[in-house]
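Per-chain residue numbering starts at 1, and chain names A, B, C, D and E are given in the order in which the chains are listed.
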Amino acid sequence: MELLITVTLFAFLIWMAVVIGRQRDLFSASMLTGIFSLICAGLFTVMDAVDVAFTEAAVGAGISTVLFLATLALTDERERRPEHTPLAAIGVVALTGAALVYGTLDMPAYGDPSAPVHTGVARHYMERSWDEIGLPNIVTGVLASYRGFDTFGELGVIFTAGIGVSLLLSAGTPELTPGAPPPPPKSRAPYVREMPILRTVSKALMPYILLFALYVQAHGDFGPGGGFQAGVIFTAALILYGLIWGPSAVEAFARRRLVERATAVGLLIYGGVGVTTLTLGHSFLDYSALSPEHPQHGQHWGIFVVELGVGITVSAVMLVIYYVFASRPKKDVSPMRQPLPLLGGACVGDVSTEDAEADS
Amino acid sequence: MNLVFGAAAMGLLVTMALAMFRATVGPSAYDRISALNAFGTKTVLLIAVLGFLSGRPEWLDLALVYGLCNFVGTLAVLRFSKYGSLAKDELASAEDEP
Amino acid sequence: MKEQLPVLVVVVPLLTAPLLVLLRAPAAVRILSLLAAAASTAAAVTLALTVEAPISYHLGGWPPPIGIEYRVTQATAFVLALVTTIATFSLLLGARGTRSEVTNGRTHLFYAAFLLCLAGLLGMVVTGDAFNVFVFLEISSLSTYALVAMGRRRRAFTAALNYLILGTIGGTFVLIGIGLLFQMTGTLNALDIARHMTQAEVGGTRTVQVAFAFLVVGFGIKLAVFPLHQWLPNAYAESPSAVSSFLAGTATKVIYFQTMRALLVLFGASYVFGTLRFGLFLGVLSLLGMFAGSLAAIYQTSLKRLLAYSSIGQVGYLTLALSFGSEAGTYAGLLHMGAHAITKTALFVVAAAIVSGVGTDRIDALAGLGKRLPLCAFAFVLGGLGLIGVPGTAGFVSKWALLEAALADGHLGYAAALLLSSLLAVVYVWRVVEVMYFRQPPPDAPAARGLRGYDWGALGPALVLMVASILLGVWSSPITGYVRTAATQLFRGGL
Amino acid sequence: MNASTAIVAALLTPLAGALLVALTGRRPNVRETMTALASLATLAWVLWLVPAVALEGNRPELVLARDMLPGVDLAFQVEPLGLLYALVATVLWPVTSAYAVGYMRGHHETHQTRFFVCFALAIFAALGIAFAANLGTLFLFYEVLTLSTYPLVTHQQTDEAKRAGRVYLGILLTTSVCLLLLAIAWTATTAGTLDFRPGGILRGHIPAASVPLLLGLYAYGCGKAALMPLHRWLPNAMVAPTPVSALLHAVAVVKAGVFAILKVVVYVFGLDLLRETGGSQWLMWVAAFTILMGSFIAFTKDNLKARLAYSTIAQLAYIVLGAALATPDGILGGGLHIATHAVGKITLFFCAGAILVASHKKNISEMDGLGRAMPLTMGAFFVGSLSIIGVPPMGGSWSKWMLALGAADGHAIFIGVLMLSSLLNIGYLIPIPIRAFFFDPKPEHAHGHGSAAHAHGEAPLLCVVPLCITAAGCLALFFFADQIVDLLRPLVEG
Amino acid sequence: MNTGIWNYWVVVFLMMAGLYVVMAKRNYVKKLMGLSIFQVSVIMLYVSMGKVTGGTAPIYVLDGGTPAEGIVYSNALPHVLMLTAIVVGVATTAVGLGLIVRVREAYGSVEEDVVTEQDRAAEAAEARDFAEAGP
């Protein structure tokens, strides 16, 4: 039964991958990538990776799709027809694929319990984590404690993405002056009146979704979920709100400057736990330092705080990314009219393109 | 019992395939949007069924997330297809600001 | 506190980055980031001076292979010290150079990205865990993409985007390679993997061969080994000066170190050079890279691009050293890595000084620079000599080591090719020198300026680095002795 | 004060001189004083070293930096050959400086500060080569010499100068990087050391078949020795101001090449090894070929400096021949020839420069009757020519004699080469003073330069005095040759 | 139950489909789509390593406060690793899309060919300017 489902889902995946590759309408393609992600999440569930499935669903089908759409809104929706057959790409791909297939030949079979993956270090996690960490969700234990530093790095990656996207896109858009309230509503755009159901539903759903996010955050120790998933869900709620009421409605609720700082706060909370254990004379992120006489409690505390940091940074970064994408006006410059920015000898110590934009 | 769940799963897979077919051939954007939405719904159901199949129904959380993401995604898509942008602001559009 | 140094080296910049975001004030941000880099440098140098037996630091208090391990050996400490030092110098430059290049209001983001990049690189160096390498690789890569895009011209965006696409393919290849290794060994700790690799049922499998190929190709992309180098010239040439000097001195070097460790520690020299006979393949690629990079450098019209292509040639030297598969080769590779890092950083910093004086880095525009900005021109000549490997510079010491390594293994042909390709370096360096000294400056160019006419924020660090290079060139024994023991340890699979 | 201090002082004085010259560049008179002081001080340091080495047989040593390269120190050692070379360089430096001042001012050259700085640096490098205790140090200073003379060669900054600079740097760097460095690395890996040791370091470490190849790498690696076919840089470098040509061809650069070859033959290969394996056989033929071809080409050149350049190529090959013979007399003759040729050739170049300054003439065919206007200059030219040809009582005669003695032992054919070459020397050098003294000025040339041809007399005093001094030196060397040979004797004994 | 290694082949196919899109397509948005397919496929590779036949999700089935006996769990370690990989993937996508937006603003197109063409033209124009201004 399980096998049949697996096979079918795999077949679906292949189908989708091919269709996405051939689809030249990028709007459709981004929807298809959403479907692709959903199938993946289904497969992950079949393969018992519920946490991964959880994350993939939230990220792949939710955030990624929104990101792709936001980009399409600022760029073009259609892909040009390629001019020539990409023989080189075919060659490279064929070669790489052949190499990989060659490599699979000596792999242990799918699901083989005696594979090295299961008999190696993982055995320790599977057998000892209840005693050492004491959390039902093994994934959370490994994630936040055994390999807590990886997760710290992962949070660093997310934070970097936030920084990177802000660096790229935040300038050139008018930012609300700090402290000033958002400008009052000018006029209700007609389309809000067009969708009373959505308006009502979104307002009604908001608190529940946010509550659900908190539940996922807290329940990560016991079931699938955790800081990352919670953060994504939290942001998804706000994005939902933003989709219906506009980004500045969200900004009024969570000011951009504040959110940008929150991205840092989460990472600092995580790192702060590490620094605390360090000053207590233990290793970085050795939570047992927090409660020396009862290491398991220390682990619980550490994991709780660390997950909180993850949740804060993830939701803040996702929100920042949404802000900068959604609030960026589309510039419809045709390549003809655009002056070539020849920054040769002419501009000594000149302004970058950013400044030029801000000035105009 | 498992047989029932298995049959349900099969049925879901078939409907998923149908939704995918629609998403693949289109032809209009709205076909694809509704296909995406339908597919999302089927996935939620499939996850639920899988939970029961493997005897761990406590992951219904997961299905909830799917439902939510599906909703957000569909909304974004709809909005995009109608206004060509996610940015149109109801309170103050960016273009109006100094 | 001393036993915490291995992690502090990485964590200090990694946690300063969010602090910068909270601070926002540009002046404070500059000072704090410099302080963080300096603190990291101090930690790294202390480690380098004190480490004898390998230090194993258990993150989270879990002993390896259960938890993630940081391992400091002489080799890693050497690379750590190198990277942190260069980062500090680049930040000194950035303190002035980026003001015109990054719009105010985003300064804190720029510096945060810079420190994240540094932390990522350091984390890769010091970690003894294969997957942790991937995580920190991605931190450094992502911040690099954003930093590269901060260049002054719109081409910076495409450069960054192409780098992102290729770099992500490279990173994902690394991930595949690690995954395949993980599948065959069931562990992620590098030394643990190496231990498993000696068993026939692991080391002899085709999966491991493919894992090797993917790791090598993945790192090869990030390292810009010859046919995989397309991203590098634009990324280096278009990024802001502080970034290009930093990247040129650190990013490829750290990846090179990763490659070394992958070949020598993870798989083991006997497997790579004995069973797979990888040396010949790598050697040929290196030769191609040496000549292709240097030849392309000759035809460039912009100074930074010239330096970028020269880097591709120099990567060829590095991989050539590795391809010997000998202890002497490892030593030469490590040494050349250090020497080239210093020289190339210095040259990019000089380029920054020139750009801020002339306004462009087009070689045509540098006519008469020997008169207009004599110190800049002179600094470039010094750096160029280091690049060529003229005796008396650090570049010569490392080239000598390369030569010895080649001759010791009887590779006379490699030795000759090495020397021939350094002649190409003479050509591209001298092309610039001739423009600087032999062409008349344009009539409207300002005449020679006093010492105040220079961008000392750039020239100062450059001159310090040049002096360092020359000092190492005539008195190299402290470094060479250190590197030799480091190389011995590394070559024998010690991490 | 001990000898190590003197070595450091001798090395640092030109370096300090360069710095002082650079700093005082705005005031020419002070600057020239600095050059003069530096050159005299350097000479004093080197002279101070002479008794210890020549009379007491000491080998003063100095290690500046241990392990410049692993196992290779930055170290100096004063031994007879190096001392001789250092003496040649430092004795001629003050003279050349004085001459350069006169020439540069008389010829209204620009960038004089850069000129004198690079000049001092070149002397610094030459001293470094002279005193180098191992191949690594020698290579270091060899490259410094190449680079510091590059701005001198391209001094005029014209397109022609740029081209010449390219050829100069191209050949010298290519050969040194590709061949010399390879040879040194090869030596290091086979012999395990790079130190110069009496009797050589390669013996017993290298198969006989490899000797000719390695020697070839050295001989052609020292591109400054201008062995054919790698001689092209030398005539090209003639675009440089004449004091530079003097420096290039008499004092520092070319002599550094042949000096290095001699040193390698004596202290790296060892005479025994070369004689046993016959590894230098081919080099003798190449040297002989270069001697004859150089002389023939010199014949065809009308430009005086070009003719002198080819003459230099031939004369350098004498020294290489001496080294290749690997007999005691050959080595001694080669060493002695470094000194005698230096003094003789510098005289000739000084004269060429003086002629250029005074009459703006470059070509021999224009020099008819010049001796009447410039009797001292042309007289000195005659003396220098005799020394180059090897006519007693000039110094050059001894070195040729010694070389011939060296060849007599088994390679008598090269005596014939030497004699033929002497005849050729006569053929291309002696006509110049003859034309100058006994021919009437050609009218078209007189008009070509306007009435200036008659108006000029001797070149400025600062030009004429040095060339008279060196001409006297040619004569003096005839009488002091014995002392020099005695100085060098330890090279071939023991 | 030994089901062989066919799943890895499917994964390889998916990876190569993604890689092909990245390499062959000239539209930057499409390239990023390919990139995310590629990355998700690698995640699939890891996750399928972690599956144990007959196993269940690695969350202890509690039986009165302690883990119940005799239950086979799938391997948690690949899941942990892949959580990180997903994050890396979405981070890369976000930064990449940000870059694409900037490229489009600067060039008016997100087609690689158009962009390259414009760069070439700009370079040629710059060289021409210098040729005119210079000697």
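Keep this in mind: contacts are C-beta pairs under 8 Å (C-beta built on N, C-alpha and C of every residue); 3 or more make two chains touch, one makes a residue touch a chain.
It should be emphasised that the depicted structure is a prediction, and the values quoted were computed from it without experimental measurement.
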Contact clusters after notional removal of chain C: A, B, E | D
Each chain counted as touching chain C and chain E at once: A
Minimal step count in the chain contact network, chain D to chain E: 2
Of C-D and A-E, whichever chain pair has more C-beta contact pairs: A-E
Far-end chain from chain E, centres as C-alpha averages: D
Chain B and chain D: spacing of chain centres that average the CA atoms, whole Å: 88
Interchain centroid distance [CA atoms averaged], chain A/chain D, Å: 73
Distance from chain B to chain A - Cα centre to Cα centre, in angstrom: 18
For chain D, residues that touch 2 or more chains besides their own: none
Touching two or more other chains - residue numbers and ranges from chain A: 48, 50, 70, 72, 100, 104-105, 107, 115, 117-118, 121-122, 125, 147, 150, 153-154, 157, 160-161, 164-165, 168, 223-224, 325, 328, 341, 344-345, 353
Per-residue multi-chain contacts in chain C, two or more chains: 131, 135, 138, 142, 145-146, 149, 154, 176, 182-183, 362, 365
Chain pairs in mutual contact under the definition given at the outset: A-B, A-C, A-E, B-E, C-D, C-E
In the complex, chain B residues that touch chain A: 2, 6, 9-10, 13, 16-17, 20, 23-24, 26, 29, 32-33, 35-36, 39-40, 43, 46-47, 50, 53-54, 58-59, 61-62, 64-66, 68-73, 75-77, 79-98
Complex interface listing, chain A residues touching chain C: 99-100, 102-108, 115-122, 124-125, 145-150, 152-154, 156-157, 159-161, 163-168, 170-171, 260-261, 263-265, 267-268, 271, 274-275, 277-278, 282-289, 341, 343-355, 358
Residue ranges of chain C in contact with chain E within the complex: 131, 134-135, 138, 142, 145-146, 149, 154-155, 157-158, 160-161, 164-165, 168-169, 171-172, 175-176, 179, 182-183, 301, 362, 364-365, 367, 439-440, 442
Residue numbers on chain E that touch chain C, as the complex places them: 15, 19, 22, 28, 31-32, 35, 38-39, 42, 45-46, 49, 78, 81, 84-85, 88, 91-92, 95-96, 99-100, 102-103, 106-107, 115-116, 119, 122, 126-127, 130, 133-135
Footprint of chain A on chain C - complex, ascending: 4, 7, 11, 14-15, 17-19, 21-22, 57-62, 65-68, 100-103, 105-106, 109-110, 112-113, 116, 119-120, 123, 129, 131-132, 135-136, 138-139, 142-143, 145-147, 149-150, 152-154, 176, 180, 182-189, 192, 196, 202, 205-211, 213-214, 356, 358-360, 362, 365
